[in-house]
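Handing you a structure now.
Each chain carries a letter (A, B and C) given by its place in the written order, and its residues are counted from 1.
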Amino acid sequence: MTAGRPKISVQDLAVSYGRVQALKGLSIDILENEILTIIGPSNSGKTSFLRCLNRMIDLDLQARVNGSIRLGETDIRRGLTPEDLRKRVGMIFALPIPLPLSIRDNITYGPRMSGLRDKAGLERIVEESLRAAYVWDEIKDRLEQPALKLSGGQQQRLCIARTLALDPEVILFDEPTSGLDPISTAKVEEAMRELRKTRTIVLVTNNTKQAARVGIRTAFFLMGEMVELGPTEDIFTAPRDQRTEDYVVGRFG
Amino acid sequence: MKSSFRKAGEFAIEKLILLSGIASIVFVALIFIFLLQEGVAVLKHTSLGAFLGGKFWYPISNPARLGILPLILGSLLVTAGAIVIAVPLGIAAAFYIAEVAPRKLRAVLKSCVEVLAAIPSVVLGFLGIALLVPFLKRFLGLPTGLTAFAGSLMLAFMALPTIITISEDAINAVPREYKEGAIALGATHWQTLVRVIIHGALPGIIAASMLGIGRVIGETMAVMMVTGNAAVIPETLFAPVRTLTATIAAEMGEAAKGTPHYFALFAIGIVLFVISFAINLTADLFLHRGKKR
Amino acid sequence: MRNEGLKEKMGFGVLFLATLVVVVPVLSIVVLILVKGWGALSWKFLFTMPLDGMRAGGIFPAIVGTFYLVLVSIAFSLPIGVMAAIYLSEYARDNALTRTINLAIINLAGVSSVVYGLFGLSLFVVFLKFGVSIVAGALTLGIMTLPVIITSTREALRAVPQSYREVSRSLGASRWQTVRHTVLPRALPGILTGAILSVGRVAGETAPILFTVAAFYLPKLPTSLSDQAMALPYHLYVITTQIPGIPEGYRYGTALVLIGLVLVMNIAASVLRSKYRKKR
């Protein structure tokens, strides 16, 4: 199960907040239909990197971003509005954040903001997205209820469904299972494996075991640099850099 | 496409939002400009020094004498009296409510303060005339109860909610660690209060007092109804006076447009505007200093 | 050690006394007006025109005038105030313009009510030639009440969690869409609270309407925005200070209606505020 051509091309990406450099000149190609996991200790720039890919970093007024990122052929800064970009590159956050709406309205939020009004179409999207997030059977009878009433694991899968409703080509996961129980974690990981068949997945995780389970390629970030990038198996069994080995083995974390 | 329609609508509304944001600046500027426009004309009839320092306010005599010193002193006297009463009372009440009162009582007390803040000025003035003024006359044996003192009492009452709520905020903003640290070192609640909390809340309390003063200087109706009508330099607290605000309210109806009297009233408005501007600016600086700590 | 305990008791006692001195008069005032004014309240008092130089009859035109003033001034200040608060909360950056706006709001809040009256007179009555009219008075009151609405709306917006905005943006919504569909609906109770409080304030203000709208006595009710109007606070002022021989109950009755209106607004705002807090 190999991945294809570059879906996202990052060239010399640098991010700073005031005097602090969060990312120091990073270049990487994210391949189509792969699951790229990014591991590394806190403050190594993983989340800043992720937030560059869908320009969520624009919301941080202190952040300065340099370098270029292409989605396919298009420069995401110059060729695309942030809104259109985010419909093609979705994001799942660390804590499940359901909007204070019903389950149905949560899922249809993205499409409605895009202008979709057709009720039948929206209903179809609701069912398809919830199925793809492995949560349809559990909540199909409760679509009117407030999303906040769901359990943590269900809420996170709801958030995945919500993102899927826009049919994004890329999905960014920022430590999505850090607050979840093992069963929900397994369901989310299963969803990722299934989703990558039709989309590209980038997963940031603090959990090296998760990276080993799920990732096709793994990148190790340390203090704003990408130290090593390679097939997951290589990173974990035969890393080339000493720092990678130290982290993967658990000498620091 | 529907989307370009939506984008145009969004552009328009975001511009409206920006304009509304700027609106406050525009309104302040307008107030200042329009006051200035009419008020500055008073300088055709009198010099700035004679206006601010002149001891005689006879605006309808011919030639008009437009010295507002008695009015300034009237305002100062009534305000000073109000502050002397309201600041200690308000701070003490704020401490009680914030630190000492049991929780259920606290909610009731806060509601009472809110009610006090909501009472319209004219209602207080009405009660002042109906009850306070005759009471003062009888109790203090004065020729009339319409005095600066009555005004001070009214204004003190009106300043209290401002002083109390903002001091309360300042007291609550003192980090709990300061309090707990002091108590852990063996201090009683009272000692902690006096030493630690006052120190931490001081900028906020000062700001509260200043904002209370600001509120009081600008008060019109209540003070107009109980301080009598004597635009002369006050000699004692227990005689009638006139404040800057009451002068405008009482005389604007009689001042024909374009007369020196008319311009002079606007000039008094400028004086009031500048005073409240200065007080609010200073109080705001104190509030921010308090927050930064 | 016992000395400290005694000091503390005395200290707290003084604080308690101070609080009593503040609170007892407030309660007394409300009770007094209620007791002395209740007798005057009647259908005739509330809904008929004044007679005999306002010594008899009712205060209906004053109530109507106040109603119109409140309506028009809120219609003016609510949209502007809410949008200004949206600007400050969702769009403004930390720069000189924002600081100036904040300073301007603080100043608008601090301007004396009678100075607002002068301003309203020179801008709306004279310069814009609206004359002494409901529209002049309502616009003056509207500007005066703007800081209240801006501040309470801003607080309501701030209370909406930032994470909601992030989620909305990450789903491809624009900044305005996020405000309109996620932030504003959540903030609505808080905004409403501010609006209700404004109503209370506008209803009770006298000085700004002295030269801009208030009429001593009108034989007919106002029918358009350019008419003069009577108003409750001004009416109370007039019957207290300008007209002798008014029955005491009549005065207290007017005060009761005015203070009743204001307190009802405050209570409504409080109830709304606590329901809103519980929901969150």
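Everything below uses one rule, namely that contacts are C-beta pairs under 8 Å (C-beta built on N, C-alpha and C of every residue); 3 or more make two chains touch, one makes a residue touch a chain.
For clarity, every value in this text was computed on a predicted model and none was experimentally measured.
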Identifier of the chain whose CA centre is least distant from the whole-structure CA centre: C
Furthest chain, CA centroid comparison against chain C: A
Rounded Å distance between chain A and chain C, as computed from the means of their C-alpha atoms: 49
Interchain centroid distance [CA atoms averaged], chain A/chain B, Å: 55
Approximate Å spacing (C-alpha centroids) for the pair chain B, chain C: 17
Residues of chain A whose C-beta touches two or more other chains: none
Touching two or more other chains - residues of chain C: 174, 177
Interface residues, chain B side, partner chain C - complex: 10, 13-14, 16-18, 20-25, 27-28, 30-31, 34-35, 37-38, 88-90, 92-93, 95-97, 100-101, 109, 111-116, 118-127, 129-130, 157, 160, 164, 188-191, 193-194, 211, 214-215, 217-221, 225, 245, 248-249, 252-253, 257, 265-266, 269, 272-273, 276-277, 279-281, 284
Touching residues (chain side chain A, partner chain C) in the complex: 54, 56, 59, 61, 82-84, 86-87, 90-91, 93, 95, 97, 99-100, 109-110, 112-114, 159, 162-163, 166
Residue ranges of chain C in contact with chain B within the complex: 4-5, 7-8, 11-12, 14-16, 18-19, 21-23, 25-27, 29-30, 32-33, 79-81, 83-84, 86-88, 91-92, 97, 100-101, 103-119, 121-123, 126-127, 143, 146-147, 150, 174-177, 200, 203-207, 210-211, 233-234, 236-237, 240-241, 248, 251, 255, 258-259, 262-263, 266, 270
Touching residues on chain C, where the partner in the complex is chain A: 93-94, 163-164, 166-174, 177, 181-182, 186
